[in-house]
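What follows is a group of structures, each given as structure tokens.
Here come two complexes built around subunit A, the first alongside subunit B, the second alongside subunit C.
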Partner chain A sequence: MGLPVRTFDAVIVGGGGAGMRAALELARADLRVALLSKVFPTRSHTVAAQGGVAASLGNIEKDDWHWHMYDTVKGADYLGDQDAIEFMCRTAPEVVYELEHFGMPFDRLPDGRIYQRPFGGHMQEYGRNPVQRACAAADRTGHAMLHTLYQANLKVHTQFFIEWMALDIVRDRDGEVLGVVAMEIETGEIVIFRGRCTLLATGGAGRIFASSTNAFINTGDGLGMVARAGLPLQDMEFFQFHPTGVYGAGVLITEGVRGEGGFLLNKNGERFMERYAPNAKDLASRDVVSRAMATEIKEGRGAGKDADHILLKLDHLGSEVINRRLPGIREIAIKFANVDPVREPIPVVPTAHYMMGGIPANYHGQVVAPGATGPEEVVRGLYAAGECACVSVHGANRLGCNSLLDLLVFGRSAARQIIDDLKRNPHLKPLPDDAADRPLARLARLETQKDGERVAEVQAEMRRVMQAYCGVFRFGDLLKQGVDKIKEVAARAGHSGIGDKSKTFNTARVEALELDNLIEVALATMISAEARTESRGAHDRADHHQRDDANWMKHTLWYKQGNRLDYKPVHGKPLTVEAFEPKARVY
Partner chain B sequence: MRFLIYRYNPETDDKPRMQDYDVALEPTDRMLLDALVRIKTLDDTLSFRRSCREGVCGSDAMNINGRNGLACITSVAGLKEPVEIRPLPGLPVIRDLIVDMSQFFKQYHSIKPYLINNDPPPEKERLQSPEDREELNGLYECILCAACSTACPSFWWNPDKFVGPAGLLQAYRFITDTRDQATNERLDNLEDPYRLFRCHTIMNCVEVCPKGLNPTRAIGKIKELLVKRTV
Partner chain C sequence: MADLDRVRWRCRRGLLELDLILKAFLERHFERLDAGQREVFSELLDQPDNDLLDLALGRREPAPRHRAVVEMLRAG
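And then the complex of A and B:
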């Protein structure tokens, strides 16, 4: 096939929090690591996380990882795997202290320890009272964390391949993963990155929706690669709508605003969350708050001339608190909503934000799929961490600040598993002859496609369909139509084309390749959502209003081939503690 | 709305040209980045970097009507027409609005932008008072967009020798971090006629920083520390 081949111990795809945390661990173990990122690493979307990273440090109030675990299990609406959740919550303080040691500029308490703020669903004593658990650097925690991790990687000389886009994974006949095929965006050159271990850390796919808090680059690249390689995607129906995206622009306003004491108002000036969640109020779980907001709007109590949004009031916090704890939010509100929150409320709407589903993985970061030995056979050579993975610690709804935590915990544990696996089996298998056939065929089609619809048009249609048929509230008949529509869009995507055929920094080609990935994610999301006839966490079915544990306490698996669905059990048993049995979810 | 956009593709163009675009913007196209994305749906050969579209990732710095800024937080409403858009000045152009930032990052890397502390880490966090932490404000927020360094005449003349405002801002971020132990080493690294002292306080960096940061002030603080060290 004649393509250049570069060989490493481990190949990491993605330079966000998970990829860089993993790279750091591997480089410190003196392994040869290639980290591929389609943008300069500090441009990755981790940079946009605002509110904090969850860990039961107990710096302000008494806290305990068992309570954090309970909150996460409950927040997940009992669909999360309790072994993985225990692992994450127990490890949280350690990875946060480590991050501080790397140089993270956390805000501080008078005694010098890390500042923590309240956040949605973070409670003491198994759900009793709110607790300050979110470790924060103003409202720029993701930015501070991503830069800190990049800096720490510079110190250990991690090898970065910047503006390289991975196109497909290389999988041999035994199902083992041997690396990725990638394109250097600046030159269009195609290279096989061969590695004993390949870690996907490609982030989310919020760009399947018309209105999203996500960056342009969040196109589900790892998920597309995995789906094309014949592996399933898990729990894709669970997509979190963040309560507070800026009305019109979609830009995120952190839950930390409500953590610091802000609250939501309808057009009558009523603090309506008191009705929906009498105890936690504005700091209930995100799915609960988003649904309450959508209900207010649906029932005609939205604000504005079209009664189509909600107001987030924070002026009562005073300019001192706003400038110290929420400076970035003030900047965003002034730029994107034309309001200064020191004086006026910010217009907000629930906005697509986070993908709870993803590439099925265990808490060691190993990708798993049904096989001869059971529903969770390890796919040799392949690992996944961060938003692209479904471990599943977020279940049907993620708690705020658990995503930055997820990156640190599972970025590190995937790297540690890779170090172990490399010790056990350092031998590289030969590349199959057809290693690069799939990506080369995708590129060739784009080269020769004539009279195709423009990629941008198809992408816009996909985003419109997902928004209209698979949003905050879901309806059986709309989902059915949505499945047909998204399949239609997928067929159109297969014939879409680009005008730009240049080799040099061809961003039209990049967008076309990203569309392939988005389409897989959109299909998986819509089809999985249509099949799940219950309401759980972020998945709310108007025609099946209750959670149905008897029939649906199980993870969905979607396969690209034939859009087939399969299911597997939830891990109800934690590692060392008693299980939390499902009960009604009240905030 | 009318735009004049710098175009250059090394495969097909001998030299750069300015291309005229007259496009009907939608009411939702409020920022310059929205307008560029709109133009790209009509002409997909137009190339530029972009990601977060909210001013935190630093991808889409460019020269807008003669001034460096981020397209995603520059409102089209305030722009004089035709809006002239060029790549960041002083760096090699790869294509259209995309510049080769290697030199910029090389200077950033040269200041060792990471915490140096050789004590064994404590079991919990290293302590830092809120006042000491406050010192990092106005420094750590840098998004590495390069708007400042590429607005600096000293960086244009000596991009290989002068660290530039972005790198120096980060140098001071670590010098002033009470957890860092390499202050002397960091000052040695900068005590050089070019690396630090090419700053002539022209203050273009302060003028253009989309995050409202002040590299000139940080450079002044480093100079003060160097003076203090010699007496």
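And then the complex of A and C:
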């Protein structure tokens, strides 16, 4: 084998909110922690979160974790695991106060307590009235969280490996995970990070879609690694979309634009929302607007040469109103859509935002997969937390501000489980001889591939196929075609190549390795979506428009090997309280 | 050219807006920057994402020595 090996108590892949929260807990327990990140930790995608972190502190109005739990179960359209949801909502105040003690600069009330703002879907009294539950730091909550956690980690000597990309997990013949193989991006050096425990916290994979709010680094690397190691991915058909992202860029255009009187047009200049929602029109709820936009595009009334987007018109508001009431929109449209909205409409399209599915894990952060003992056997040595994990607290649809909460709660609980696990089990098995074979073969293929199709082209085609065949509103016929198309794209990815074979800072090589991961996520998403013949939460099908609890109250598991699907039950039973029985999800 | 390679990876950010702005900048401007401007660009890349985006979108004014490069970022 001959690769350098570095040994740690815990190896964490990912330096966003989840990875850094876990690292902090582990390093404070005097464990030797390696944290690998593709980018400087405070540049992780968590930095994009503005809204806040949800916790029933009740600082403004009366609040109760039971209400928060109800909102989350309902928001998830009953696909969330109620034990995990109870655990998260009950623990929320504690992890928020802890973060405050680490130095998080939360907005405050005059008396010094944490200020809380309202956020969609968070209610008092089991859905009765809106409640102020989101704790924020101005509009930089994610940024403040990352800086706070990074500073705290420096104090306890977490070892950061910055600009290191994990390529694959090391799994031995018994199925135990012994670490990861990683590449230093600067030098191209390959090293085995041997970990007594390994935690994946690699974030989301929104980049599988042509239109996504996610940064370029969100390529689902943890999911790809898990899939290649023979483990399943859970509930991948559930992606949350926002109706109006700038076409071709993904940057969000706030719903305030329609609130101020902007409206949507198809290629004929028709104000089509009048047909779909005669009263609310362009102010109908997100899913209604997204569905109408997708239908217009499917039926050939999309704008542009590929008839694949919608136009958001606001020039009739006049430049004065636009500048005064919608600050920042004009600069965003000019910068990212190349149009001045004072004169022309902004091209927009429903845009992927958040991945509810991911690596199957329990609320202790342990990765689980079907095995001899049942559908949720613990994979020894492997943990997952954050957006890459499916615990599943978000079920079929995530509630705003519950994701940052998820990072804190499950980052910490995974770390605590690791600490406990290491006390009972030394986890010092020898590395197998073939520990690095899989990633080395991937690298060797890139080295020797001749005349391969360009990675960027294959990636663009993957993103186009996912958007067109598996977007926000799904059609049975398109999904069927989409399955074939995405398999074709996957085959092309296997022959893609890079022109630049240098070792140092070879971004082309990194992108090729990322494409391997994106493709696994795209296959999982398309195939899981095609199979689920119901509409639930974010998975919205034109041909099966109802939720179907009799047949589909279950989690999907997709395996890379043979694109096989399997299913497992939803945990309907909370830990200590009574279960919330499924009801129609109306707001 | 190692310089461009190094900078290219550092242009991978946590904010999509910056990914897009910096990608366009690399394609259109980077090759023509002189050594001093490259130094400035590299300093800009060390800024936190939100601060850099504020500069690029004109919500915040740059330090005088950063001005010329920030102007290019803004022009796109």
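By definition in this document, the second predicted complex is superposed on the first by the 480 of 587 C-alpha atoms of A that agree within 3 Å, B and C clash if a C-alpha of one lies under 4 Å from a C-alpha of the other, contacts with A are read in each partner's own complex, and residues count from 1 in each chain.
To be clear about the criterion, a contact is a pair of C-beta atoms (placed from the backbone, for glycine too) under 8 Å apart; a residue touches a chain by one contact, two chains touch by 3 or more.
Since the model is a prediction, treat every value here as computed from it, not as a measurement.
Placing subunit B and subunit C on a common subunit A by superposition gives a clash between them. In the superposed model, A:Cys390 lies in contact with neither subunit B nor subunit C. Judged by the touch definition given at the top, the superposed model places A:Arg454 against subunit B, while subunit C stays out of reach. Subunit A has more of its residues touched by B than by the other of subunit B and subunit C.
By the touch criterion defined above, A:Thr42 reaches both subunit B and subunit C.
Of the two partner chains placed by superposition, subunit B and subunit C are both touched by A:Lys335. Judged by the touch definition given at the top, the superposed model places A:Ile114 against subunit B, while subunit C stays out of reach. By the touch criterion defined above, A:Met526 reaches neither subunit B nor subunit C.
Shared-chain residue A:Phe102: touches subunit B; no touch with subunit C. The clashing stretch of subunit B relative to subunit C, chosen from 114-122, 132-140, 168-176 or 204-212, is 204-212 in the chain A superposition. According to the touch criterion, the shared surface of subunit A, contacted by subunit B in one complex and subunit C in the other, consists of residues 39, 42-45, 47-48, 140, 143, 147, 186, 215-217, 249, 251, 328, 331-332, 335-336, 502, 504-507. The touching residues of subunit C, counted against subunit A in their complex, run 2, 5-6, 8-9, 12-21, 48-50, 57-58, 76. Taken together, the subunit A residues at the contact with subunit C in this complex read 38-39, 42-48, 140, 143, 147, 163, 185-186, 212-217, 249-251, 328, 331-332, 335-336, 502, 504-507, 510.
Within the complex formed with subunit A, the subunit B residues making contact are 9-12, 28, 30, 40-41, 43-45, 47-59, 73, 75, 94-96, 98, 101, 105, 109, 112-115, 117, 121, 123-130, 132-133, 136, 140-141, 143-144, 174, 177, 179-180. Within the complex formed with subunit B, the subunit A residues making contact are 39-40, 42-45, 47-48, 57, 97-98, 100-103, 105-114, 137, 140, 143-144, 147, 151-152, 154-155, 186, 215-217, 248-249, 251-252, 328, 331-332, 335-336, 454-457, 498-500, 502-508, 511.
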